[in-house]
Structures are given as structure tokens and as C-alpha cells.
Amino acid sequence: MTSAFHQPVDAAEVPRFAGHSTFMRLPAVASPEGLDIALVGIPWDGGTTNRAGARHGPREVRNQSSLIRRVHHVSGVEPFSIANVADVGDVSVNPIDLMDGLKRIEEGIAAIVAAGALPLSVGGDHLTTLPVLRAVAKSRPVGMVHFDAHTDTNDSYFGGNKYTHGTPFRRAIEEGLLDPKRMVQIGIRGSIYDTTDHDWAKSQGIRIIYMEEFVARGVEDVMAEARAIVGDGATYVTFDIDSIDPSMAPGTGTPEIGGFTTREAQQLVRLLAGIDIVGADVVEVAPPFDVAGLTALAGANILFELLCVMAPCVARRRAG
Amino acid sequence: MTSAFHQPVDAAEVPRFAGHSTFMRLPAVASPEGLDIALVGIPWDGGTTNRAGARHGPREVRNQSSLIRRVHHVSGVEPFSIANVADVGDVSVNPIDLMDGLKRIEEGIAAIVAAGALPLSVGGDHLTTLPVLRAVAKSRPVGMVHFDAHTDTNDSYFGGNKYTHGTPFRRAIEEGLLDPKRMVQIGIRGSIYDTTDHDWAKSQGIRIIYMEEFVARGVEDVMAEARAIVGDGATYVTFDIDSIDPSMAPGTGTPEIGGFTTREAQQLVRLLAGIDIVGADVVEVAPPFDVAGLTALAGANILFELLCVMAPCVARRRAG
Amino acid sequence: MTSAFHQPVDAAEVPRFAGHSTFMRLPAVASPEGLDIALVGIPWDGGTTNRAGARHGPREVRNQSSLIRRVHHVSGVEPFSIANVADVGDVSVNPIDLMDGLKRIEEGIAAIVAAGALPLSVGGDHLTTLPVLRAVAKSRPVGMVHFDAHTDTNDSYFGGNKYTHGTPFRRAIEEGLLDPKRMVQIGIRGSIYDTTDHDWAKSQGIRIIYMEEFVARGVEDVMAEARAIVGDGATYVTFDIDSIDPSMAPGTGTPEIGGFTTREAQQLVRLLAGIDIVGADVVEVAPPFDVAGLTALAGANILFELLCVMAPCVARRRAG
Amino acid sequence: MTSAFHQPVDAAEVPRFAGHSTFMRLPAVASPEGLDIALVGIPWDGGTTNRAGARHGPREVRNQSSLIRRVHHVSGVEPFSIANVADVGDVSVNPIDLMDGLKRIEEGIAAIVAAGALPLSVGGDHLTTLPVLRAVAKSRPVGMVHFDAHTDTNDSYFGGNKYTHGTPFRRAIEEGLLDPKRMVQIGIRGSIYDTTDHDWAKSQGIRIIYMEEFVARGVEDVMAEARAIVGDGATYVTFDIDSIDPSMAPGTGTPEIGGFTTREAQQLVRLLAGIDIVGADVVEVAPPFDVAGLTALAGANILFELLCVMAPCVARRRAG
Amino acid sequence: MTSAFHQPVDAAEVPRFAGHSTFMRLPAVASPEGLDIALVGIPWDGGTTNRAGARHGPREVRNQSSLIRRVHHVSGVEPFSIANVADVGDVSVNPIDLMDGLKRIEEGIAAIVAAGALPLSVGGDHLTTLPVLRAVAKSRPVGMVHFDAHTDTNDSYFGGNKYTHGTPFRRAIEEGLLDPKRMVQIGIRGSIYDTTDHDWAKSQGIRIIYMEEFVARGVEDVMAEARAIVGDGATYVTFDIDSIDPSMAPGTGTPEIGGFTTREAQQLVRLLAGIDIVGADVVEVAPPFDVAGLTALAGANILFELLCVMAPCVARRRAG
Amino acid sequence: MTSAFHQPVDAAEVPRFAGHSTFMRLPAVASPEGLDIALVGIPWDGGTTNRAGARHGPREVRNQSSLIRRVHHVSGVEPFSIANVADVGDVSVNPIDLMDGLKRIEEGIAAIVAAGALPLSVGGDHLTTLPVLRAVAKSRPVGMVHFDAHTDTNDSYFGGNKYTHGTPFRRAIEEGLLDPKRMVQIGIRGSIYDTTDHDWAKSQGIRIIYMEEFVARGVEDVMAEARAIVGDGATYVTFDIDSIDPSMAPGTGTPEIGGFTTREAQQLVRLLAGIDIVGADVVEVAPPFDVAGLTALAGANILFELLCVMAPCVARRRAG
């Protein structure tokens, strides 16, 4: 069956700078039918309260992902051999109308879900995760492993706006898309507005692991707890690129110093192996603020790390 | 009376890099009361269909405007001696909610108008000119001199969105804010969607002077026609920075090659002298796409050129 | 028939930053069959003697070409309505082996020619034009309109290397691909190695129009002569982006100040209308040296200008 | 009492990119009267021996500090609730005359001290700390915690110049402003001119903790020693941004690889809690060499960390 | 004799990116003895009132000058065949001490003059021209052709500082180094402090040709007047890179929009042919503010243009 | 004898930005005769399969190396006192012809070896190490300590090309230049093409220490093993700058996240002390992709670290 799976272009045959730019040099396909995992762009930053630009994220992550090869050098996972993966393009968006934008994104992801594929998306700002969850968690709340500098559980902005990239997970919990008791947020840091900023999240049962706790405990210990929190149930993984340090991911809207190194970020994602991932994303890559493509490069690599823990899920399910 | 007018900080006393950054190193004032001309920022790009970033325009135009001095070296106009001018800060905006954003901008400008001051604003994307016109042209339609690469008279985007930075002047005409027979658009160029793209504008009576006609006729001839079109009536001047060539103003959302040189742009604005300007703006300066501050520098200089044709209007009215 | 032609994605439906990046947002097709004009990338800079980087040109020209629309605003030409145009991807290249690289490029273009389509390529360094000519001019020498800062008619480099981006047109003449008496080079400028540098070219009959002569005579007069030189015969058009001023096209290997403005460049290409173009290219866009995408943007626009003089050729031939 | 203290603008009401740029979005006040801590810029780099640019530091630190919020997420300190803090603008400087520059800076800081406020300044090159100390330590020598890649205790440059950014602390000790036995320098690293480079400093009693010792011992152990060295006495804290790694703070005049991570830098400053701080600064942020605002962002965050250890000092003193 | 002259490295033998970086790839020589023209760097910006960085100018102009070849393509002048030219390195400077800096520069240039060579220097800010003139015009006042956006004839800054890059030519006239009646300033533009700003210069007899007059009259007419003003006497030529438009020369301290194109600048310098040049310079190239090396590239080319009008002077003198 | 050794220019006398740019401000010498260690540039990237630019490496490493001083602050080594070191310029290269390029490089290095000096070179891409080894290991295979993200032991590219920057060490082993049993590769990481990618290397006896193993064991343990592997025999050290994290060394052709910090890199090289180094290099610094000079700065510092372990080798040999 493997032979029917899509394969990336080989850089020993076609140089990395040649050809149309797609995620990981995979074929661009018109439909998610037949895919196990659909790589999809969500070029939308309508929820951004400060520096916009994540709308350009998918294009640049595609560009930088031409550096990705076929096999994970640590786990040995060969995602394209055990799962059918392709680039399904970008979902439809509306940069002008926030509510229409959310609706279009939900529909785009719902089509992937309907085709039986898992969405692995590249944002877009973090509000894009809300309509993704509406599609992925339609039938039941899911757990979540959330890497971020910010909890994104605020209530409203600018005199009552409920939908911004600072509010998606409060909305998702209110809508019953997330089970807060199966949620863990890792890497939270930076000055806050009020000492009560995180009270709502904690009161819901969300486990917040601040950067300082992460540093003290180390990657393995933290991820053991994270895996225990989400357990065996369906889990969504969301990776905000601003969880990584601004020196390694400067191209983002709300940088906070003191972030993860990319080395830590790789380890964090690798230690998701074994959980039941029903979708994942990398968000907040904002190329207009990037330098040397560093942020998109980090995003592309995290995307590959996520793929290498998702593909075995697919293979396990297929194996039964 | 002059002695009571606000004056910029002198760069022979305080170096340009020192002190808080305000438009042209003028005092930041809390209220437009007592001003003849209010320099005001509109940090909002909610109408942008492609590359956002003009929300950051006011801050960078302020920074670059520290290079501006007190006297126009060609006309000899000393704007700060004949008009009371200050930096009133930024209007309130809402980056998340388009309709609320338009309302806040209108209110902010209306307060300036109510105080008897002329607004000279820095955008922001070109949709910001619509709420400005709602405040400035509340009592009667005004004429307009419009420098731009694009006519911005489209009807709708993305399946029906009426308010984008490609539609403000169709809306303004529909709302009775602009008298299309007293409108001239100069510098229009670049590929278009359809041969009928400009038909609506022309059918309304707008005079479109394409870049090619401008090149053939020269600045003086074109501006003589422009002045004739707007005549003696109240006129608004809007300067889209993308009318200038992308090499001189790269930091903008929709660059079109073959634009005005800054030298031409200066001459164009200088030849507005004598018309009755009731407000003006510089829009679409998008710093995230800028290099070396060139676009903000051009914007700051155009702002000064506009001020130097507006201040004499003020003085004439006072005298007259 | 028109309805069967490929059409670009409409930016009023899908924002410019969304979707896979192709030339002018046209469909990416696997084969040139059925096309009138094939937009093709040649990501290869193996002939570069100084600053490499043009290998990355096609990708970035594709990115910037998302700003192009469907209709030429001056000539009214609608290229996608009168010719079938698509993006056929990049030819196969070899960044390591110069002679193999030339062979692969020739084969890639030959396939386009064999399918009955005209190649409109984006380089790549100027040596790429040699294998293109081997494919296009296989049956007979062609004339050439050549926009450049340099004549590219040197003999050899580095102790005998015959194939560099400084030598393609000497080689092409020697190989009988070009009729030097039907060749004109426009925009030549900059310091030279020896007063005899251009003697060989002139002795072959090539007409060199230096930048200074161009400035003195103007675009129309120069292009009238150019059209007369190439006459009615089959003609290739090659546009080296370094013919444009470095401020407007900094991303190139051998910048020379005092170049064409983009406004002049647009006019130059527009005045090619009516000649019999059998292929064309834009070369030497080197993104690693670019700023703000200016060079790729200029390249994308020149590509559109070339398309708008090539498409009518196709239509005329079809009409008979 | 708290209600009378200055408060920053709330980013949930006014977006971060809006409004005049001040330190941490605090009010700009004309006088230090009534303040506990005065945030002040020292835009001067007259002592720079290599790459100038720190004169632009205050402006860009102000810009980036718009990302700072009100509460420290680890210590829970709310500096604006327990101390009255505002932005008093920049001290007067003279970019042309070194000795006059030093005099003006001293006078500017002396006015803050005279008003009973603690200066928390943003340079400027490291020579600016000398006139600050002249104002702060006028009545008695103070101790110092000094984070830096360099000891800045050289004697002279260029044939006898005693005042450069490589000499301030030798001068300050000679002038009796610093008690060298209560001085600790942390993070010192990089190649040196002579094995005796640091002998003078050590002979005075300064404790130099090289980067290698820091790495071996860790933040907590090092800071325990630092606190012991300065003891209970009045202490000045100076933070040279080049103590941070160049990848995280590239915009500085004398970068040395192998520096602190920002995560370490935050911890270092946090562990100053409890000492008696009489003033502090962040110096050597040189925006012309910065990328993506990283250095100014790091500077702004370190400024906030310093504020969060200074404000409790103020509160303790008030409490008596 | 020619065979003994220094020759640049040939780019057809050694690629431009190889080898140590010297002006125009000429030999670096330890002494000016035997030279006709000494290319010399003056890495000093101690007189800069706003954005420093011209201290880095010589290094980057050397880098970009690797693109220069041996023969002027318009005049046919071969400077290295008719004059002995080499790179004598940088004069000694002092970045910390303004008066010592001026003294060192004067001594460095005086050594060149004493050796019988003409100095062709690369600054450095415009104050560097003052000590150069002290060396070059020691025996008698010289005339001057001055290309600039600013007259640089102010009196003092910051409460009495007489020596800044805004004052060199007032000082030079006061010191009897310049004959103001044989001085012409071309390209002056931009807002001014006071309508009387230029009165002193005019009262001395300096001819100021504003940019607007230049545009109206054209290069040839203006330069005919300039040549008439300086006549047959010894003349110094100073070229401030900010005379060129900021889009073509962004890397400078005091950019003013509406400047010369590089094409105009080349023509301006070419039309100096025939006057008696005793020294020349290119100043105010500030690499920290440059993009893509554009400013240094423009500087290198202007340097070559100057050399191509100076070398024939040398040849004429030798010929007697 | 020491007094006869070349010494760098002192930055306390001549500022770092002044003077011709050479490695570590050492004299540029025409011949390696009399040197113990020859600093030499290899400006060639003919073997690069993706992003070229390392040809510009030597020039920028020279620029950034002006920040290096005379004494190693940890080991106390004074390389210029115990070994005669100078900058011998760049070897001859051919950017167009791969095989000729390899030959020229070998000849250039052979001349250094013949003069009795050790080559310490700056690339250039990693294929440059092959011709260096041909010169250095002519008489017997050498051991190698290899810092890199990639093993560079592939067999061929693009349908049979044997010489690329991905193949040098397979070629070197095949040619008998390297003893694979005395080879260790440290820092290897990133996705791979096939699980068998590293099998050949391992089958030859090369010890590959992946990044993950390095992180787990620490610098000291890893380097103890590395020293044991190479033992007392002649050893070459090659440092690919992409072994360092892309945030600290973005200017390289094949960035892989999760790399060494510069702090680790410094420690790694320092722990080479005591082995018998017969040559070393720093490769893959590609300035067109660099930001803020970070990569060249890292390269310059690693060069100094290498020098500080090589110079004592020289001294030991001399001592005997």
C-alpha cells in the first residue's frame, strides 16, 4: 500500500530551490480524499490585536519546509511511508470579515475531517485554532497540549470583542470543544495584566506549566505530566511559535523573551509520541517580522516533528 | 499671536534622536482645542485585503518626521508661524472589528472638526479616509485631489464585503460625502482585473489621470487641470503612499512599479497651493514592509508639504 | 475557445497571500501541451562569476507575481483571454555541473517548443539564455532585443572558461543561434575592462545603444530603431533585470548605477508590440541580495509586460 | 494612595501600536517631582570606540516596551501599584562634545535625584553610567552589580583619552563614586588585549565572575554571592545589553558570542530582589545594528525586571 | 612609464569576491610616495549631529568598489594608465576626541599632499572635509564644487559647538581655505530652520543652486555655470552622498527626499572634466543605515567618476 | 624570537573600523614563508547544492574578526606570541569550473604546507575541505574532528555528481586522506533521506555523535571521547558553521534547528587542546543569508578558538 502514498521530491535529484513550493515538497492535491493527514494552510490573522502578518505564514513555512527530508533521525519514523500525506493548499479565508473568516476556516477543515484525514495546519494567528476545533471536536470535546507563551484564555478586547487571538481557548471551552481537565499549557511566561489573569483558566481545570517550572523540571518530566493529563483520549496539539524564544522565532506578533530553544521544542513534540492526536497546528508565524526565514524554518521543523508523532497514530489505527 | 503657536523642538538644540517622538517634533497635546491644524494618527488597517501593516504607520512617520525643519525652502511658508499646529495623538481604533473601527475613527476626527481644527492625518490603510470624510464632509460633499496607484472605487470583495481599502471612494460617493465631478485621481497605474474596472468611477464624473498621461504632460499641466477640477470649493486631499514608486516607498501593501518619484510627488503637492483644503491625509505607510525607513520618510515629507499648503489656507481664512 | 484558457485566481475572491504560489496565480500544469505560452522557471546560476543567487529567482518572482492582475491598463491587452498560458514549473537543473546544467535546461525548453508553446522564462543567470536559444533557435538564427547593463559578449573567464553569464551571446552567435545583424542591446553602461571590450560585438553587427544614448534620445525613438533592427523576423527578447537601476532592482549579481527606471522599462517592453516574438525571458533576479522583494516585483511586472506583447503575437498567428 | 500612581495604557483597550511611544506606555511627564522611580532616556554614545548607535537606544526601547504589561508573572510584583513611575523623557545631551555631554547627563540625573526619585535609565553607551553615578553617588560611594561582557575598567584609548565606554568604572572608582569592594561583574568574557587586562580591577577588589564560572555554578549560586558582595548598602545596577548573547541582542557595539540567554538574564535580575537599589540602567542598545527589534525588546524586558526589583525597595522605604 | 603604474586586479582572472578588499581592487600601499592620486579612507564621524555611522564608510565603499573596472565607458578615460593610483589605507582617527580627530585627519592628508599626490578620500562625515582642506588649501584658498542636500554653512550647534558636519564650510571660509566667490553648491533642498538659513552663505558670494533650479535647467546648463564659477583655479570637489536620493543612497545620516538620481550624479561629475582639481572626496556614506550596499555602491561609482576627471588633470600637468 | 612575530593592530590605538580588513587585524602578507600558521580564505562554493553564498565568507569573517583581541581569556593562550601568524589572502579559485576550482584550492594550500605553515582556512563550502586535505594529508591519512549538522558522506547528487558539499568526506576516505577510524563527527542532526543515510560512514568506522547524544552527555564527556578517537596522530579539525544553531549562525546554506549554542561551540573547540592539529577550517559561512553579521562573527570567534589550540601545537613542536 505504501507505494501509493505521496512522496516528497528528492533533493538529491531536484535541488531544494527548484519547483513549486509546497509543504515538505509533497504533491499539491486538490482534495483531501484518500489522505491520512492533510497539510493545510490557514492564511488568516483577523484575530490579531497587535502585529498582523501571520496571514503570510503558510507561504513562508512552505518555502522553508523545502529543507525537510523524509526520515526522522531520532525516532526513525518515516511519515510518508506509514501515512498518506499531501499538501491540500489553503482553506478559504476572508481577511476583512472576522466572523465570515471563522466560518470559512471551519468549513475548510470540516471538509478534511469529512474525508477521514487529520488536519495538520499552519496558521494564521491563534484564533484560527478555534474554527479548526469546531471542525475537529464537533462530536465530543477533545484534550489539548498547548505550547505557548500566552494562555489565550482572555475574555474580550476593545470593549467587548469576544474573538481575538487572545481568547480562542476560553471560547472553545465555552463551546464544549475542549475538555479543560484534559488541557495543559506549557511555556507560559511574560508580564501579565493582572494577577488574576490566569484564574479563569485554572478554575476550569487547565494545567498551566510556566516557563520557570519547565526550566526547573526539564522536558522529560514535564512531558510525562502532559501525557498523563491528556491520557488516552482524542487530543489536539497546538504549537504557538511564540513559545520559542524570539531570537529563534522573531517573526511573530507578540514576542516574549526567555522562550523555548528550538532544541527544547523538538524534544517537547517528540515526547508527544503515543498520545491520540486528532489534529495539530503551528500558528503565529508572521513573516513580515521574520529575519533570515528563521521563524518559518522553525515552524517547518516543528510541523515535521508533529507529523512524525501523528503518522504513527494513523498507522496504529490502520493496524487496528 | 504667533508667539502662542506651538513650535517644534530645534535640532540645533536637541538632537533629532532625542526626546519623545511626535509629528515634526511638535508638542503632543491632549485636545485639539485651539488648534488650526491637528496632526493625528489613524493606526488602523482593518480594510487591507493583502499585506497589513499600515496600523504601524503613524508611529514610524512620527519617527522619521524628526528630520523635518520649520520652513519650506521653496515656498518660504513657515507653517508653525501662521497656523497653530500640534500632534493630538492617535484616534481610538479597533483592530478586530471593522465597523467599530470605522465608527471610532469617525468620532476621533469629528472631535477635531468640532474644535475648529483641520485634520491632517496619517493612516492607516485607505479605508480610513472614509470615516475621515464622514466627519469632514458631514455638512456637504467635498471635492478631492487623490494621489494613488489605484482608484479605490471597487464595489466589494470576498463575496460581498463593502468596506475594504479598495472601496472607500465608491462608498463615499454613495454616501454623498464626495462630489465626483470635483474629484481627480492622479497616478493611477498597474494591471487591472477587467477593462471595465474604472467605468463606474468615470461614469460618476471622476477624472482619472493615468501615470502615462502624467508622464506625457508633466506636473504643472496636470496640476493646473486638477486645480480647475476642484475649483474654489472645499476640497479634501488624500495621498496614498503607493502613488510613489516602490523603490522610494517600498513599505506599502500594494506596490506598483513605475510610480511617482518623490521629487514629482513634492511638486504635485506644492501645486495644490491656493485651493481650499479642509483636510488631508497620507495613507498606506506599512512599516513592516519598509526598508531603511524610506516610506515613512517619504510620508513625513509629504505630510510637511501638505501642511505647507494647508497652513496658508488657515491664514487666509483668519485674515479673511 | 477562450473559455478553455487558463485563468488566474481572482484576488477579489481569494486574497493574494493565499494558495500555492505560481506565476501570476495561474494554474500549475504538468505539461506544456495545449499551451500557447508556457511560463517556466530556470532556477540555475551556474554561470555566475560574482554574486550567485539567481537560482532562487523563479520562486520569488512567483511570489511577487501574485500582485499581477488580468488586464494591461494601457494597451488593454487581456493575455489570458487571447492565449492559453500556464505555469509549467521549473526545468530540471544541475547546480553542480555546468555542462549538464546547460543540457537539462535546453531539454526542458525544447519540450515546450515541441509542444508548440512559446517559452517565457524566469532565470536564473544570463547564461540560461544560451540553452534556451539552442531550443528556440534550433532551426534558424533569430533576432534579439536585449535589455541589459552589460553586453554579455565576452570570450572567456578564469583562464579559459567559455561558458559564464558574461559570454552567452558570443557563444550563441558562434553557434548560429543569433543573427547579430538583427540584434540590439539597450541600456549598456558602467565601467569596462578595456576600450576594446565591445569591439567584437560591434564587428559582428550588433547595435549597442548605451544608456547615455538612450537618455538623450528617449524611449520611443530608441524602440523605433530596435523594432527596425529586428524587423519582421523571429525575435527573442531577453531582459536582464540589472538593466533596471539598482535602487529599483537591488537583488542582482552585477549592479550598475544609472539604470533604467521601472517606468522606462515598462515603456521599453510595451514598444515591442508588433514584433514576432518567439520566446522571452527575465533573468538575473537574485533574491538573496534583494530588499523588500523589489527586484522580484520588478521582474514579475516585466514578465507581465512581455506576456502582453507576446499574447497578441499568438493571437495573430492563430488568426492567421 | 495607589490610585494616584501613574498607570500604563491597557492593551485590551488601546492596541499596542497606537498612541505616542513611551516607556511601558506610561504617561510622559514633564518633571520627576512626585515620582518614586523615573524612567529616563540617555540618548548619547559619545564614548563609543567602535560602532556607535546607542544614541538611538531610548527611542527603540520605548517602542518595544509597548509589549510590557503590568504585573510580573513570577514574583507577582505590580510595580505601578507600589511605586509612582513615569517616563520623564530624555536628559539633555550633546552628541558633539564629550565633556559637555557628560555634564548635561549628570545634571539631568541630578534633577531626578533631587526630586527624590530613583533613576532607571536607558542608554546610551556605557560611559553614560559615569555621569549617572556622579549624580547618584554624590554623597557616598555605592556598590554595584554589573552585568556585562567587558569589565569597562580600562585606563585610556587613542593616546590618552580617559573617557570612553571602556573606562567608566575605573573613572568612577578614582572619583570615589564606587566602592570597588562592593562591586561584582558578571558575564565577563571574550578575547582580551593582555593577560593583565583585568589586574587593575581585581587589585581594587572588584569581583569578576567570568562567563565560564557562571556556566559552571549556575544563576542562583552566582547571585547569592553577588548579593553578599553588595550587602545591605546602597547599590547601583548596570546592565550592559552585550552581556546577553549576540543572537538575542545583536544591536550593540561590541558583541561577544557565548553570552547570557535572555532566560538567564531574567533570572539574574530577579535574584537582585532584596538589595537596596538606588538606581539602575540598561545600556548599549544600538538600534542601527539591531534586527527585528530583538535587542530593544530584550532591553525593554530587562528594564521591567529591574523595575520589579526596584519598586519593592521604594515600597519598603515608604513602609519604613 | 605606464607600465609602472598600479593596476587593479582583473575580475576575469580573480573573482570580485576574492582577495583583500581595497579601493577598486588596487594595491594597498604603505606610503603615498610616487602616487599621483591617493585613494584614502577617513573613517570618522565625530561631527555627526544625528545618525552616526559614516565611520564605517571607507570599509564598505572598498567592498562595493570591487565592482569597478578599468575604463570609463563614456569618456574612454583609463585612469590607471595615465596616473599612478593606489589605496593608501585610512588616515589615523580618534572617534572620541573631536579636536584630536580633526588634527589627525589633517596630518594624514598633509602627508599625501607632501608626497605630491592628490587626495581622493572617502569619509567619514562632512566635517572631515575641513581638515582635508586645511591640508590641501594650506597655501591659498581654493574654489569648490559642492554636491549636497545641505549647505553645511551653519554657525554652531548645541549651545556653541563650532565643529559639526553642519558647519565645515563656514569654518573653511573663516580660515581662508575656501574662496567663497569660487564656490558653488548644487542640489540643496529640504526644509530649513529659518528663511535666513542660507543668507550667510549667499552674503559670502557662494552660489547655491537649489534642486528645483537644477531640475528646471538640467545638468548641462548647471554644470556650465559651475565650471565658470570655479574657473581655471585650483578647485576642490566634495560630494555628499545625501545629494543623491535616499532611495538610491539610503545609508546616510540626514536623508532628504527628492535628490539626484545616480544617473544625474554621474553626469554632474563627468561635466567637471577640464577643471583643475586638487583633491576630492565622497562623504556621508553610513553603512549601518544602508540597504543592499546601495549607498556604498553609489559612493564607489562616484569615486570612480571623480577619479576619471582627476586623472586627466594629472596627465595634463605631467604633460606640462 | 617572539618580537619578530606578526602582531595585530591594537584597537586602543586604531579603532576597529579603521584600516584594511584582514583576519584578526594581522598583517596581510604575500607569502606563507616564515609563518607557523597561515590564515587563508577559500572563497568558493562550487559544491553547494542549495543556497550558495559561502564564496563571500572569507571577506565577512575578516570584517567581523576585527573584534578579536590578542589573548584567550580562559586558557591564557597568546597565539601571536607563541606562533607566527598572518593573513596570506585568498587562494585562487574558479567559481565556474568545479574541477579546476578543486585543483586551484589544493595548489594554494599545498604552497602553505610546503612553506612549513599550518593552514587555518575560512571557506567556502564544505567541499573546500577536500582539496585542503589533499594538500595536508598528502603523505598519510589524518584523523579528523568534525563539527557539523550533517555527515557530508553522501555518495552523489543529481544523477552522478561525485563532488558536492554533501560528499567531501566519502571522497577523502576513498582517496586515503582520512583514516575513518580516527574520525569523529559531532552535532549531527536533522531529518534524513533514508534510515541508511549514515550506514556507509558507520561501516567505515566513523564515530557519529548525534546532537541528542551530545545534549545528554555534555561537552566534556563528548570531547574526552573525541580526543581518544583521534589520539596522538596528526589530526585535521573542520568546523561547519551550521553545527551552530541557525539563530546564532543564520548565514549558511543548510540550516538545521536545534544546533550548538556558541557557548557550547567555544567549549568544544577549547577541549581540543593537546591534540596534534595539522590544519583546520571554518566553513559554510554564507553572508548573503546572514543577519547582523552574526554568522561571520561566530566564524571569526571559532577561528580564534581554533588558533588558540593550534598555536600551542606549534610551540610544542618548536620546543621539541
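Order of writing sets the chain letters: A, B, C, D, E and F. Residues in each chain are counted from 1.
By definition in this document, a contact is a pair of C-beta atoms (placed from the backbone, for glycine too) under 8 Å apart; a residue touches a chain by one contact, two chains touch by 3 or more.
Treat the numbers as computed from the prediction; the structure is a model and nothing was measured.
With contact taken as defined at the outset, chain A and chain F are each touched by C, D. Of all chains, the one whose mean C-alpha position sits at the greatest distance from that of chain A is E.
Of the two chain pairs examined here, B-E and B-D, the one linked by more C-beta pairs in contact is B-E.
Residue contact pairs shared with A-D exceed half only for one pair among D-E, E-F or A-F, and that pair is A-F. Counting every residue number used by either copy at the chain B-chain C contact, under half are found in both chains. For this pair, chain A with chain C, the centres built from the Cα atoms lie 41 Å apart. Multi-chain contact residues, meaning those touching two or more other chains, occur in chain C at positions 15, 17, 49-51, 55-56, 95, 157-159, 245, 247, 289, 291. Contact between chains, using the touch rule, shows up for A-B, A-C, A-D, A-F, B-C, B-D, B-E, C-E, C-F, D-E, D-F, E-F.
Touching chain E in their complex are the following residues of chain F: 14-15, 17-22, 28, 41, 43, 55-56, 58-59, 62-63, 87, 89-90, 92-93, 95.
Put simply, chain F touches chain D in their complex at residues 10-13, 15-17, 67-74, 76, 78, 245, 247-248, 261-263, 266, 291-292, 294, 297-298, 301, 304. Listing the residues of chain B that touch chain A in their complex gives 45-53, 55-56, 94-98, 100, 157-159, 161, 163-164, 288-289. In the complex of the two chains, the chain C residues touching chain E come out as 49-51, 154, 156-159, 188-195, 197, 210-212, 215, 245-247, 250-251, 254-259, 289-291.
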